[in-house]
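Sharing a structure here in structure tokens format.
Chain naming follows the written order as A, B, C, D and E, and within any one chain the residues start at number 1.
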Amino acid sequence: ADVKLGLAAALTGPAAKYGVAIKNGFTLAADEVNAAGGVNGNKLQLIIEDEQGKKEEAINVFKKLIFKDKALLVFGPTLSNSAFAADPIANAAKVVAFGTSNTADGITAMGPFTFRNSVMEADVLPVTTRAAVKHFGIKKVAIIYGNDDAFTKSGYDVFKGTLADQKIPVTTTEAYAKGDVDFKAQLTKIKASNPDAIVCSCLTEEAANIILQTRALGMKQPFIGGNGLNSPKLFDIAKGAGDDTIMGSPWSPENLTPANKAFIAAYKAKFGSDPDQFAAQAYDALHVVADALKKIKLSGAIDKDRIALQQALPSVTIEGATGKFAFRKAPAVTGKEVGYDAQQEAIVNIAKGGKFILLK
Amino acid sequence: MLEQQLINALSLGSVYALFALGFTLVFGVLGVINLSHGAIFMLGSYAALLLIEHFALPLWLAMLAAMLASGLIGLAVDYLVLRPLRARNAPHLAPMIATIGVATILTSLAQGLFGAENKRFPVGTIPEESYNWGNLHVTAVQIGIVVISFILMLVLLAVMRRTQLGRALRAIAESPKAAYLLGINVEGLFYLTSFAAAALGGAAGVLVGLSFNAITPFMGQPMLHKGIAVIILGGMGDIRGAMIAGLFLGFAEVLTVAYISSDFRDAVGFGLLFLILLVKPSGMFGKVLERKA
Amino acid sequence: MTATANSNPATILQVRDLAVSYGHIEAVKGIELDLKQGEITALVGANGAGKSTTLLAISGLLKPQRGQVLLGQQDLTRLAPHKIVQSGVVQVAEGRATLTTLSVAENLALGAYTRQDKENIAKDLDWVYSLFPVLRRRKDGLAGNLSGGEQQMLAIGRALMAKPRVLLLDEPSMGLAPLLVQEIFRIVEEINRTGLTILLVEQNVRQALRIAQHGYVLENGKIVLADSGSNLLNNPKVLEAYLGG
Amino acid sequence: MLQLKNISKNFGGLQVLQDVNFNVPQGGIFGLIGPNGAGKTTVFNLITGLLRASGGAIEFDGQDIGKVAAHKITERGIARTFQNIRVFKEMTLLENVVVGMHDHMDYSFGSVLLNLGGYRRIEAQARERALELLSWLRLDHKAHMLADSLSYGEQRKLEFARALATKPKLLLLDEPVAGMNPAEKTELMEEILNIKQRGFSIFMIEHDMRFVMGLCDRIAVLNFGRIIAEGSPDEIKNNQEVIEAYLGKEDSE
Amino acid sequence: MDWWDGFWSTYNTVIFSLGVNAMLALSIYVTLSCGLLSLANAAFMGIGAYAASLISMQTGLPFPVALAVGGALPALVALIIGIPTLRLSGVYLAMATLGFGEVVRVVVLNMDITGGPLGLNGIPLKTEWWHIVLLLALTLYILARMRRSKIGRAFEAIKEDEVAARLMGVNVAGYKLLAFVIGAAIAGVAGGLNAHYTFTIGPGNYAFENAVEILTMAVFGGTGSLVGPTLGGMILTLLPEALRDFNSYRAVVNGLILVLVILYLPKGIWDPRRIRHWLKTFSQRKPQAGGSN
């Protein structure tokens, strides 16, 4: 019989740029698994629903996938905010909610059925910062971040902590809001504070624009960023101006492991464009689940099978597009059972000639 | 740093003013807050982008064509949506909400057609390097925006103040019925206004697309918010008011970043709007012509 | 009133079987009117009889249910409102439709909006200013600052700027002080003497019929009486119903 | 009962009223006439609290009402009609009149919520009274129609009924017969006399001389913001200054 | 019964939202019925949601207390800002209240107790279906009673002609404030209910778009009676669910429906006169398709 796996992704609305990549990653992986005969003879069937990046929609979609479609597990939702709304539903129904793009703190504290393979910024940014400081000999930095977005704000919080830990003074901290396109006022202020580098907790499109405007103001500082910058779109917009940007992420197109090379080639063949990190993590997530499914025997009683899957997942380890992957139990919270975070090495990249290469 | 911030403010303010020009024109003549203006602005940007990417048109030509295209969209919106509402004398809320529907439609169509990602104009569409005087940096687009928005405003003002057409538009703004009885082709001028306003919106879209490299289906929304603040601050339908209020908002935002905190930048527009309305209930430049009894 | 020599001038505007409705309410129920070249024709009737409705339909602002308005051979009901003005039928609407946010001079300039003979406009402006000297004195002020009577004069002056062949006046004396009422009627007569055809709607029945060559009485959307002005003024029915006995 | 003492009013630089003094006596009909723009409506707006005087005092029944809020002035017993009709068009005639009784409907929010007897009784009484007022003006047969469907003249009468519903001691009428034909004016004249007979004092602005002279006991004449004459109709009719400023040469209308 | 269980667990959030959105639409209906176009209801909803959630999360107080505070706090804020704001009329009031909403959003964004942009997560699930039914019914009952009293008539009179209402002895400022406060309280309670079944709230949930959405629900349903907003809130909640099959063009269809309703049903979906008219034409000529106009 088919194994039904639900996917709740933001396919329309401003978050669609991630949601669509995520959907692509999943369909690619599912097709691969099915082409190889499925799991224990069962085909994987993806049921994809649009949650529009809105919390109410995420709840509705989760409920539909869990109670109506009887999915064995649900992937998604795309944004951390939506995950805070939807994951409690899954935990209450004892169904695994598997996030591939939720990096915010506290996601996996929601319950034992919450899993994610998205690496938390807290794991990545300290490594990135240390590498950047060493590479450029940085003494002081300025920060710019989006202050009305959960992702960029938590990235900022981590950066702030990291910089304090590593005793790097911050010359000025500037914020912007979603939809802003003109950052010159903030950048002029940063320029006056004369930092050695600019730390940017931003999403790709804003980062690209920020970089371009920085150069237009005659500033030459390199940028340091996290996950949000890890996209070829950065260079579609910023072109060469993005060079010397240092970015840490679990996935890089330059990471030439066989698994990654195969993924990139297959993705290009299927969708005609370069994959990004969101696609890669989605791709890996499906393989993680397929691996877990191999270890269990489906009884056909959905409730039991769901719990069996939850118990099989934590021990899965794979060598995927994002490299070596394993789960680790989320930090404990009193009085509550917790879920599982990703245990993965961060890869530090530097932009050269309009793309990210590994920083040696 | 102050000099650079003043330049930043001037160019940002001009962007707001440019967007608000068309917005306030429709508001002034048709008495409608056309909430699809942001979407039309966005489509103008895409139109020029397509023409340059696929047909390699020179920028000025692409810009004119984009203005034409967005003007036609504005005309279609007027014909299909606003005209029937006028015909039955619908209260103000109706066109406002109908244009929300239009904006939704246009935005999601754009997303279907062009995707959700950011686009930018090809490198070299416009000189990208900045002109430097010592520590001051100004780009060609910045200069372009300031100059173009001032020219457009002056032209629009001259038309409204000094020509028979402008008088006719002001007559319509005050009383369509009186305008009809003067032999003014009121419907025709409604269409013309919607067309012109949308074309101005399209032009703003192209210039914003050029200067910020962030063309997305959603780019109209934040601009619309600012635009609303600007046209209300400037007084209903007041072209000069919109221009001054646009600049004012630009300066307010930039100076907030420079001297207070960037955390509050986006609250400045509406915060000021709120405060100013409390002190002066008809906006900074609005005049009230209401008799009591 | 003396019935003067040219006793049989040509008809310039004809209303044939005109009916106008607001939704389900029929306000004008098939009326006939003839306006003779160069004459004043009065249309009188109680509140809500349908007078303003008739005028609005002639000007094309209301779509008639049926019937025609003929200016010479031309059927006005087929024309857009601005074309009707262009063809020479101009209305001064009820309630002083002055444009209060424009200056007096701008109001007058807009009066000539449809005119093709731009060279004569200045001359006509002088004429209007000589009819209403107060307008010349206030020409740069906002029309909204004029008093009620002055606004009424402006509205009439503005209509004259269109160089109409037929002038429709809807209650020009409403709300005006006695002195001004006399002044307005004097002006209407004066304009008429230049050869302009006028359709005058008035509540001020006595004065209206006194200066009008012809009159119609409208009741509940129907014409109930049509006669010369002076005959109507002495008609016992009119005396009773409209002049308060 | 109403006294204006040295009232002046300016809008920005425009001096609209200057040292206006007059008394409106109890029980009769007092008229205020004057050219367009003389400031008559402004006087009403000052009395009813819609505008504040720039100088001077207004006393009603011996109390200063110059700074009292408009709705409180209504409570004290002054009601008015408007020059350009302001009926509530989307409400029925009956509802229009019941709104006028706002101040006289004393029931608590609680009795509304619980639909208690007190609330129901007061509502029923109000409706009854409203019908009665409408019948004074011969509008009762249209009580349940929307005010919008009334003709101009009927809307003016509805305004009367609504004003009467506030139980005024003094009724201010701003050009009550504007836009009516002579026959209708005659009819309305009778109705106003009726209302006076019922014990209301009336203060009216009107341009129709037959109407004013026929109804008023006393008349004041306002010209360019100043009172230029006050007296009985006959005195006013023959006052040279009034003829020049306002009446014009003898005319029957 | 199995079928029911499955249906209920799949759609109970949607069903909850039906009631909550009906309450929100009613909250703006109250102000509209008094002639006030206030767009602050999203902000009031947010204040209520935050207040109620914080009480649930940080104190051991029972849910009814949390909801009560969620209604009372926005009412208090409305009382304070209403006094200066309600002097404004028409679009100016709309924009000032929109500005207020934006200020609230930014304040919430920059506060620690509210979790800034991350919002509050892990709000306990406390809302049950009968809470919503009860509160919606209570809202409807109170509003219906008010409509039939001098309060409702005062609201209506103010909406039609403020000056005339004032001279009928209506304390215009007072009643406007009352409407504003009642609207705020209803929106706040709705916000509290909503927070306790969506587990998370953030400043983005109560922004410009949400304000406009609430208004749209009311106007879509029709603001002539209580039924209209209730229906409007419910239909616009269901619409996206019903349109799920249109996939990426769902928003287009959504927008189109909005435009069509505004164009062809001027008084909203619920227009008793039109419905009666339809029923009549239907029963009269049976086989002929298409109603008139």
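Here is the rule we use: a contact is a pair of C-beta atoms (placed from the backbone, for glycine too) under 8 Å apart; a residue touches a chain by one contact, two chains touch by 3 or more.
Everything quoted here is computed from the prediction, not taken from an experiment.
Identification of common neighbours of chain A and chain C yields B. Farthest chain from chain C (centres taken as the mean of C-alpha atoms): A.
Here B-E and C-D were compared by C-beta pairs in contact; the pair with more is B-E. Distance from chain B peaks, on a Cα-centroid basis, for D.
Per-chain CA centroids place chain A at a distance of 36 Å from chain E. The mean-CA centres of chain B and chain D are about 48 angstrom from one another, to the nearest whole unit. The distance from the centre of chain B to the centre of chain C, with each centre set as the mean of the Cα atoms, comes to 42 Å. For chain B, residues that reach two or more other chains under the stated contact definition are 108, 111, 263, 266, 292-293. Annotation for chain E: residues 109-110, 163, 248, 250-251 touch two or more other chains.
Residue positions of chain C with contacts to 2 or more other chains are absent.
Only residues 12-14, 16-17, 20, 147-148, 174-182, 184-186, 188-189, 191-192, 204-206, 208-209, 212-213, 216-218, 233, 236-237, 239 of chain A touch chain B when the two sit together in their complex. Touching chain E in their complex are the following residues of chain B: 33, 35, 81, 84-85, 88, 90, 92-94, 97-98, 100-105, 107-109, 111-112, 225, 228-229, 232, 236, 263-264, 266-267, 269-271, 273-274, 277-278, 281-283, 292-293. Within the complex formed with chain B, the chain C residues making contact are 59-61, 80-82, 84-86, 90-93, 97-102, 106, 109-111, 113-114, 144, 158, 162.
Chain A contributes residues 11-12, 49-50, 55-57, 59-60, 63-64, 66-68, 81, 84-85, 88, 92-93, 104, 106, 109-110, 147-150, 153-154 to its touches with chain E in the complex.
The touching residues of chain D, counted against chain E in their complex, run 48, 50, 69-71, 74-75, 79-80, 82, 86-91, 95, 98-100, 102-103, 105, 107, 109, 112-113, 115, 119, 123, 162, 165-166.
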